[in-house]
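What follows is chain A paired twice: with chain B in the first complex and chain C in the second.
Up next is the complex of A and B:
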């Protein structure tokens, strides 16, 4: 058989193979396409508009006239030269670190506890966690406000009754540290259920035989956790840490409603509040857009370590 | 078959278009006037709104009024969004301290030439009229005002042997000491005032002849550190420390609300808007009384902050003439009297009739009419100063100087 004949015979065989390969190769793209399209449709214009007005002197005065003069990077430069921005950024980084640490460590400990509990108690605790999760933040804030009420809040009453000191008439929102401390308790309380339930699910993936083998070899509990459990649940913990950073760095609702506008001052700003005050209260929309973009960059930089670890762990497994 | 289906679909579409067109042609052209009022009107005086709508619709054939009720907390953010979308209401209610920034921004239509259209325009209350004007032009119509009064427990005052309203601040302080001497309940305070309630605190400043800021040589200057203002702030500090709980030094009037403290039987008197009497608790309704806060000068009243609302027509409204006509109907003499009947202060001095509310309105003060004033409020500059003074964190003079610097910086922004 000549070369031509061979080619003629081979062609019909190759074509379906190539098309099949293309078809198979494009399946992941086709599956992810709807999400990408929806994200593009929902986010593309707002992001374009955000970037556009961040380069304009866009305030209430220009909003009423409908024209925002182009000022280049002046909004960014004025934000970066604002001391309040740097103080707020530092405060927010510390606030985020505290909240994320408490959420992840606390959540993991409760998940480990769940594994060891008697089934009815475990069910009771899980229901409790789900109820916490189901409570809208605005309602939770109101409950916190009642509990910490300076005149007749239950927190002051309990602490005084248990002789932790005289908390009669104590104002939990009297100083920035105390106000943000109260916000932390509320945020961590609200975030724990998600972490607990996710880590509990991850713990069920830890092979029993490995744990048993380690225990038979005489490894103490913390060693079993560190060398057997942790490697299995690590990808989930990275993911939860990443999400917690994103949520806590940009937190607004709990802090704003709990402290309340009349008591919000630069000394207790976190980034979400700073952005709100600049963009919505002072009507400096261009400056607000610049702060949003800077926040996006900062939070991306903060979570890059965890994302890389997450990707690497996923590649290995 | 396919063509037949297509033909049926095309015929159906054509028929529905024709039907829709004939329906439009058959009806009278209808226009809607969109009005944004605060929920206070919805809850407190819906009959006044209905009367104005009825009068307007009777005089404007083919027009109907769509009243949309807003809340104070977010109405400005929503209004900003409508400005950006070029879809503003035709009439908007604004708090009197909110007006200046929007007038300066060119968000409201100039109605100077139409002033004669409104009842009692010659006699509008000074505090409200001032808040409706910018650079000599009129952008708003005074709607109603609310003065600040002392709301007190008549039974507790009687028990302490106090028979009439105090004639001076010193006498009031003395009366409160007597009330305290007769009530030893744990947590009871003769007077409750949130320390950072600047509306109340600044009344002391104005009582001593002081002020917040003045405009001279093309710039705003903070005046809280002036001799008279400092005297007022010192009087406030002394009165607060003598009569109110120390724990309230850094609290604001939103949490807890003074009337809540009152309704919980924890105080005998509070200072705030006249409507506080609404919420002193069922148990104390019959023993709730009100009087005008006395001045440090015997026989005089302490000037109170005159809160209130104005109505304005957004510049982007396409129905400005109709909007003005509706505002005229809404603020007619009859409607203002109806507002007065439910406990508000009407918009003009010729309508005042000597009630405790009206007497309080005669001595009043208002914030500086600077376009960035609302930023001073929202930046909590005054609240921070008061907290510093009452907790002793800073001396009165030092705290006032810091506030002055912040006020001048904020008001002089471009």
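Up next is the complex of A and C:
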């Protein structure tokens, strides 16, 4: 574009051409240099370092030196032969699948509902969703802890009052499934607004005439959704699903804080917590690094789908 | 006709139920914050509205050890990180949008990819490297600067991507016209480009603010002393291990910490919704 501009001015004078060209050519590189430097220092080099210490017997004792004895792939074989790793991986996959399904299906249903509401009700619900969206996760966790506590949590009271059974003094954190189920409610609650509002925006691109024509032809509403609405919102649902999978697979804060440190045991680990416990609590940095790499490889493999779609839709030229 | 009206009523009723369920936790937080602990712990039957609304929870919480210190720490970290990140991101966005250069495509793809990496996967190397910064021989654990560096890199990919989207919307002709009229490239930049992209800069800053204000993992990892903590860590430590009793204080603190985020969020919600799926929605 520099060239276009110059052509427009009609090249008033000739300058030493080579120097000018080099100077002009280096401008974009100078502009991206700060970002590249930061990403190199805080991402690229740490990832290299992560690979390096995953091959070392790196513990608290070697922390000060910054280098431990080289032990090859022993950390990886130790992790891959550990039942805890496989159980945690499986648990995380199931946890992610449940959270993502609830988020995407629930979000789409609420977005469709939003379409059918009277304007005042729709505005009310939208504002409510935005309010939920704005809640900091750490704050939401505190509210959940308060609402689900054994002595006087409002959840037990409401469930008992509505005759869902006797939940008086029910402990929601008594078993791994129940604890993670509570984490699911928290995560899905926090993730719904983004999905609802994005899908709702996509729904406005569904051609109105097509929907009406299908309805006049007597198509049942699920057919209208499947054949008219779905093709329009499918690309955005695909992106939202990819994003949700990646976010939920790497989740840490909500689960870690909701279950709470003393109650965190291998039976309720998800990947993020497994990693944290190995590194932060047990100071097994080398082994933790091996887990990190396995986790990052899984995430990178999954994110290929997202990145490819983003590259295509963003028309990077 | 009445059948259709009944249906319509049904959907609206359902909409109100969804609203009530979604908003209830937020309402319950605020409502609890204004109750006395006697009212909260005194009976098993919760009162839906505070019987004797009081501000004592708020005053007690703000007088707790380190509350204001940690608010100050958070503000420092967030402001410094945002200022640096936004400047860096803007420069990169200009390069990506106004120049064609070798490696440009690769850089764009890299930005999307990097965005998806879970932060938790990098806690080990970042902790060790910040404890012994190579070449400089510094220990940045328990220093705000270590966290600032991490936050800058956390918000950069998104910021570059979003600002590039804003720059794409500005017609080239405007800038070219200014240059034809005798402006230098720099002059055109300050007079034409900057004012037009200002809303983008605001949106990105607010987004970066929310991300860094809310962040917990790295704050917990890198700052582990009461006086150097950030506010999310302070809040997470409020009840400690025993999960009990000062619910009024906990909810008052939660309300205070959520307040700035909610305020800023309402300001730019529309743009953030666009931004997160920037590539998909805006092209």
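To be clear about the criterion, the second predicted complex is superposed on the first by the 255 of 317 C-alpha atoms of A that agree within 3 Å, B and C clash if a C-alpha of one lies under 4 Å from a C-alpha of the other, contacts with A are read in each partner's own complex, and residues count from 1 in each chain.
Definition applied: a contact is a pair of C-beta atoms (placed from the backbone, for glycine too) under 8 Å apart; a residue touches a chain by one contact, two chains touch by 3 or more.
Predicted model only: the values in this text are computed from it and were never measured.
Chemist: Look at A:105 in the shared chain and tell me whether it touches chain B only, chain C only, both, or neither; answer first, second, both or neither.
Modeler: The answer is neither, since A:105 touches no partner chain.
Chemist: Considering only the touch criterion stated at the top, classify A:281 as touching first (chain B), second (chain C), both, or neither.
Modeler: first
Chemist: After lining up the shared chain so the two structures overlap, which partner does A:213 touch, if you call chain B first and chain C second: first, second, both or neither?
Modeler: neither
Chemist: Which of the two partners, first being chain B and second being chain C, lies in contact with A:61: first, second, both, or neither?
Modeler: In the superposed model, A:61 contacts chain B only, not chain C.
Chemist: If you count the residues of chain A that each partner touches, which comes out higher, chain B or chain C?
Modeler: The partner making contact with more of chain A's residues is C.
Chemist: Quick check on the superposed pair: does A:262 touch chain B, chain C, both, or neither? Answer first, second, both or neither.
Modeler: The answer is both, since A:262 touches chain B and chain C.
Chemist: Please work out whether A:138 is in contact with chain B alone, chain C alone, both, or neither, and reply first, second, both or neither.
Modeler: The answer is second: A:138 touches chain C but not chain B.
Chemist: Could you say whether A:125 touches chain B, chain C, both of them, or neither, answering first, second, both or neither?
Modeler: second
Chemist: Touching A:299, do we find chain B (first), chain C (second), both, or neither?
Modeler: second
Chemist: Going by the contact rule set out at the top, does A:174 touch chain B (first), chain C (second), both, or neither?
Modeler: Touch status of A:174: first partner only.
Chemist: Share the list of chain A residues that count as touching for chain B in one structure and for chain C in the other.
Modeler: 63-64, 66, 145, 149, 151-152, 168, 260-262, 280
Chemist: Sort out for me which residues of chain A touch chain C in the complex.
Modeler: Listed in rising order, the residues of chain A that touch chain C are 1-2, 4-5, 8-9, 25, 27-29, 31-32, 34-36, 38-39, 41-43, 45-47, 49-50, 53, 63-64, 66, 110, 113-114, 116-118, 121-122, 124-125, 128-147, 149, 151-152, 154, 157, 168, 189, 192-194, 197-198, 201, 235-236, 239-240, 243, 246, 249-250, 252-253, 257, 260-262, 271-272, 275-276, 279-280, 285, 288-289, 292, 295-296, 299-300, 303, 306-307, 309-311, 313-316.
Chemist: Across the complex, what residues on chain B touch chain A?
Modeler: Answer in residue numbers: 77, 80, 83-84, 86, 101-102, 104-107, 187, 196, 245-248, 250-256, 261, 264, 266, 315, 375, 378-380, 383-384.
Chemist: Note which residues of chain C are touching chain A in the complex, please.
Modeler: Its residues touching chain A are 8, 11-12, 14-16, 18-19, 22-23, 25-26, 28-29, 32, 40-41, 43-46, 87-89, 91-92, 94-96, 98-101, 104-105, 107-110, 112-114, 116-129, 131-132, 149-150, 152-153, 156-157, 160, 172, 176, 179-180, 185, 210, 213-214, 216-217, 221, 232, 235-236, 238-239, 241, 243-244, 247, 250-251, 253-254, 257-258, 261-262, 265-266, 269, 273, 276-281, 283.
Chemist: Help me check something: in the complex, which residues belonging to chain A touch chain B?
Modeler: Against chain B, the touching part of chain A is residues 60-61, 63-66, 145, 149-152, 168-171, 173-174, 260-265, 277, 280-283.
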